[in-house]
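Can you keep this structure in mind? I'll have questions shortly.
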Amino acid sequence: MSTDAVGPLLVVSAHAGDFVWRAAGAIALAAERGDRAKVVCLSYGERGESARAWREGKGLEEIKALRRAEAEAAAAELGAEIEFLDAGDYPLLETPELVDRLVRIYREFEPSVVLTHTLADPYNGDHPAAARMAMQARVLAQAIGYDAPGEPLGAPPVFFFEPHQPEQCEFKPDVLLDITPVFERKRKAMECLPAQVHMWEYYTDLAKRRGVQLKRNAGPNLGLPHETMAEAYVRVYPQTTGVLA
Amino acid sequence: MSTDAVGPLLVVSAHAGDFVWRAAGAIALAAERGDRAKVVCLSYGERGESARAWREGKGLEEIKALRRAEAEAAAAELGAEIEFLDAGDYPLLETPELVDRLVRIYREFEPSVVLTHTLADPYNGDHPAAARMAMQARVLAQAIGYDAPGEPLGAPPVFFFEPHQPEQCEFKPDVLLDITPVFERKRKAMECLPAQVHMWEYYTDLAKRRGVQLKRNAGPNLGLPHETMAEAYVRVYPQTTGVLA
Amino acid sequence: MSTDAVGPLLVVSAHAGDFVWRAAGAIALAAERGDRAKVVCLSYGERGESARAWREGKGLEEIKALRRAEAEAAAAELGAEIEFLDAGDYPLLETPELVDRLVRIYREFEPSVVLTHTLADPYNGDHPAAARMAMQARVLAQAIGYDAPGEPLGAPPVFFFEPHQPEQCEFKPDVLLDITPVFERKRKAMECLPAQVHMWEYYTDLAKRRGVQLKRNAGPNLGLPHETMAEAYVRVYPQTTGVLA
Amino acid sequence: MSTDAVGPLLVVSAHAGDFVWRAAGAIALAAERGDRAKVVCLSYGERGESARAWREGKGLEEIKALRRAEAEAAAAELGAEIEFLDAGDYPLLETPELVDRLVRIYREFEPSVVLTHTLADPYNGDHPAAARMAMQARVLAQAIGYDAPGEPLGAPPVFFFEPHQPEQCEFKPDVLLDITPVFERKRKAMECLPAQVHMWEYYTDLAKRRGVQLKRNAGPNLGLPHETMAEAYVRVYPQTTGVLA
Amino acid sequence: MSTDAVGPLLVVSAHAGDFVWRAAGAIALAAERGDRAKVVCLSYGERGESARAWREGKGLEEIKALRRAEAEAAAAELGAEIEFLDAGDYPLLETPELVDRLVRIYREFEPSVVLTHTLADPYNGDHPAAARMAMQARVLAQAIGYDAPGEPLGAPPVFFFEPHQPEQCEFKPDVLLDITPVFERKRKAMECLPAQVHMWEYYTDLAKRRGVQLKRNAGPNLGLPHETMAEAYVRVYPQTTGVLA
Amino acid sequence: MSTDAVGPLLVVSAHAGDFVWRAAGAIALAAERGDRAKVVCLSYGERGESARAWREGKGLEEIKALRRAEAEAAAAELGAEIEFLDAGDYPLLETPELVDRLVRIYREFEPSVVLTHTLADPYNGDHPAAARMAMQARVLAQAIGYDAPGEPLGAPPVFFFEPHQPEQCEFKPDVLLDITPVFERKRKAMECLPAQVHMWEYYTDLAKRRGVQLKRNAGPNLGLPHETMAEAYVRVYPQTTGVLA
């Protein structure tokens, strides 16, 4: 497995926990390679993804603080920076101002790779809203005429990470990422989110399932370990390469 | 650009000339890397792709010999082996026997990468027929229980090369391959097919067009040369990797 | 045919007449089963679907009153409640406020089934706008953290009713609903809309056509009546069931 | 959950084991309801799905007998009849004769529901071949003019069961079947296939995963058990019904 | 409406009656323009589309003669030639010999326009089989090297005519053909098929429905008659034109 | 080639240069036929499509003036009127006000044909935004109840012109327009945009490529010139016609 640096990894996530379940492996791999990794949470998921806290009678600000602390702990576990834009969820509203904030982050962070949600998700409108803004801001940041500090962005590839019900979200994986070397870190990051214990098993099972598929697609001759763990991604733009493999 | 060997490259082509227009860059890159490259032509394209020879009044065997000689010359220019199965074209009939011959080639050649036609082509039924057989034989060759010499095949990735009218063939490129370093060899290989002079320009223009797109997708910061040349491919199975990039 | 109650039926419609042509059968069936049925009209269709009244020189408020009276009569015929949000049409603008009104209706009405427009309609932008809002509000109403009265909503299935030109709206029916027992009520409801006499025949013919298809898909052995009448629907979320049938 | 009889269930499967991993829940539910259930295995999977036996040096007839015995045991566990057509696998060839055998089975068994593979599977050509034949034979059996014993078939609904890599097979579930009451029988049926121990866990995990999705789609208010187990299906023809739910 | 001749129209139909319900309008328009029109029926529909005759106890040859006589009468009504290849139906088998017969018809008839079935039809496998052969033969006939009498064919556009359940057959109309001037001839041709009286009304209603859509897409300003009748088609290859309209 | 007038042609373009690269041929053909042609530029492309001017240090107003002058020169070369709405780009914001301005243009210009961008473009969000507004305004302008001067619009057909990376934008051409007679005017119009010299060749090559495809689809028998030049379009609504050809 390559250990060469690739460049900074930017993850744009609708809610505070999304990056942990869906992309923690990719983040930990980047960090282990020595690449910067940064998570931008557009909201804390305070209304839509904090059912347990609401049922326990907590208040809005308390919940936001809680989700923030959990996400910070998970990011630290993975070796990533994290920034919260606190734009509100359920619904996460698309506004030119929020897109502009993302443009400025692109210009300043200069990612080499971008991860975000799928553009379709009939179970959660915030996810596509985040993806649309992440995609739009990336294009705007490429334009020298866009009025924001920094140099025009290059064309970092974008990958969609896996939604909860992939087939309903038009998610057809075209990249299976081997996260075996960092799975323990992903597990520990998941354990930073104690309100969703059932998700720990669910996403461990999913990593096994995607690992079985990775081995099937890689072929038996590669000698991958029995318990290969993987994350699935969809590549948005054509891959550019000098080698077909 | 990587120059590490990848392993043997197998190209399954319906007619004698297809591999030149559509995949010569990938073949030449493999050869330059030191990888074996082999082209299997299921037919000579003697009926369907030799209009000029027929108009000149040549006979069937003469045309087959002509197409064979041209294709051998082009393969030699690219550094590839070539084998002709002479299964007839227009139509290229799908038979268990022909699929079995392909299985034996897979088992013996042990490709690490496979290139073939798209599964849809409303302009030429031989192309999808070749692709279906290439795909089926690859799966059969993987089964230890399939009765043919050699070890079970691994799971080499498959790429579709570009058809003449890509949009009509559901061809949405997801890999753009930089063939700039070997474009001169591709051009010379094309010039081994003198009956189709107009195609030399057509596919040179296409390589430029795909090169412009490659630069657009790679981003300006990579400092690619002004005249980047490229070939477009569709990846059939999910990419398996240890690095998202 | 089952006559067990299913639970409340909510229909979210862009304009005042839509529910009559497209979903009157489902509404009447619900009412006959003893289920509550409620229609929410986001607008009166006063600008976009009242050509005849405009040609007759009527004014805006007069047209709105007219459309309202017709829709009330049709709803009464079907045994349904009806509510008008008067949000304006042509265009029907998507706003957080209008979505919030729908959330409150979901929370209060607690539907077991939801009907709305398709997400694509190149002939009428109000229809997809209504569908997007109906879908989004349903998700928001499920979140305990969403600030609106009432309990969090369950996960009522959503069905798209049939648009005027189904194939152009990506409408591929996956449910054919037998409305034979209530077709007379549908017809009477249609006749409450006297400005569109030609539509009475058009949607009667459509019900016959969908009925023929229902019989074809149900099989001849079921002994359905010669003149089976049907409405077509698209199911949005996977059906959950204990019996495959 | 309904316990009314639905009518005979027919499962058409390419290889001997397919019905266990993919449809055992549906079969056991049918048997528990008192419906006849019958599995037709077009082949034993002797070449393509018996890698371990081949590696152990077993011969072709021995392997076929082995797979037959396993499948019979699994069917017995589920309460299903089973028939083997021994048509050969890898490749499973589509022939008019094999289709005719299926027509005769349809005519004699008179299924009310049919289960089979998806029409796309880039990992295994036998699966789509089986599905195409199952679909074609069903249509032929409906024609009074088709020369085979028995009455013309009705129009039993067809469901595709879940392939190994669903997204790569265009498998978008539209029915989630609650198999919690019979999951133990499915597990025992899986344990009748000792050569594939790793699959026991894999398909237990999958049932949990589909169960989580079933609960998500059914809504929290239904009070489903914590460990709901499910199988996913794709419905091929429109559902015909008297009730939208 | 243009009355300029277009050139010969070829209709390739699986069964004897298909061309009447689905394409009689296009055929009659061609004949009225003075263009030759020819229908090729691959089978008589003797097994799959003659339920009533079988129920009446007629024999195979009798049914074939009956269907032939009906189709000849309908073709005569429309002003078309008709040829029967008697290749058998249910199933209509795809063979190189049958394709070759079609190639020879293309070469001899030199059509300017070709009509056939859709490539998908889950209700009737003969329809896609006929379409695949019609498409393949057209391509083969274009090759000078294909061994059949006559000159190589040009590239006549191909249109799919409307199947019974359009949405289930991926039929998204992109051409609406105004058949008002010849609808009476279509009706009379339908009345040549007395065993299917219910189809007369069904396809009259369909023509009205497509006519309403034609008027909607053409715009009110064209002054089309109230009862515009239409047939729907799907264009297979890009339209080539000197005028966008 | 027809030279009859078709009626006014309206082109709705996101940025000042788009209409030149993508639709100049259609515009020049309209003008040569004697039809009015009008280009509406929603923005000047001042931020997103003026990289060179920004790198040269020009200011915003200067760049807008520059782009305006270039576009006016190109429109004059083609014989078209041009109007600039100066709504800003990168991002081009969708607002009810901007849509209303377009409605008024539709009502006043009464186009018979409309050209605009594709609805998908992952490289440039302004293009789909322009297309959505052009489509929505066309529908609004059809409603007599929409409050704007002029008569209700008919139903002019809409065509999408070709984006830079067609396959990535779901652009499957279904009309190939022969622009050979006016290609020189297109070339001169392109030369009015001196900042993008490399585009002159790129779009000349594209016209050749689409021309080769046009000849392939039209058939060799039409005697088209060797260097046929073409533009590709996607037709949005069904074609309505009295002749299949």
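A, B, C, D, E and F are the chain letters, set down in written order, and residue numbers restart from 1 in every chain.
Throughout what follows, contacts are C-beta pairs under 8 Å (C-beta built on N, C-alpha and C of every residue); 3 or more make two chains touch, one makes a residue touch a chain.
Everything numeric here is computed off the predicted structure, so don't read it as measured data.
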> Can you list every chain that touches subunit A and also touches subunit E?
Replying inline: B, C, D, F
> Which other chains touch subunit C while also touching subunit E?
Replying inline: D, F
> Relative to subunit D, which chain has the most distant C-alpha mean position?
Replying inline: F
> How would the subunit B/subunit E interface be labelled, same or different, where same requires over half of its residue numbers to be shared?
Replying inline: different
> Taking each chain's centre as the mean of its CA atoms, how far is subunit C from subunit D in angstrom?
Replying inline: 36
> Between subunit B and subunit C, what is the gap in Å from one C-alpha centre to the other?
Replying inline: 52
>> Touching at least two other chains at once: which residues of subunit E meet that condition?
In response: 123, 152, 168, 173, 213, 216, 237-238
> Connecting every touching chain pair, does the picture come out as line, ring, star, complete or other?
Replying inline: other
> Which of the chains touch, listed as pairs?
Replying inline: A-B, A-C, A-D, A-F, B-D, B-E, B-F, C-D, C-E, C-F, D-E, E-F
>> So in the complex, the part of subunit C that touches subunit D is made up of which residues?
In response: 1-2, 4, 6, 9, 26, 29-30, 33, 112-113, 115, 152-157, 159, 173-178, 181, 213-214, 216-222, 232-233, 235, 237-245
>> Looking at the complex, which residues from subunit E come into contact with subunit D?
In response: 46-48, 50-51, 54-55, 60, 63, 90-91, 93, 122-125, 168
>> Could you list, by residue number, the parts of subunit D that touch subunit E in their complex?
In response: 96, 99, 135-136, 139-140, 143-147, 152, 236-238
> What residues on subunit A touch subunit D, complex-wise?
Replying inline: 123, 164-168, 171-173, 202, 205-206, 208-209, 212-213, 216
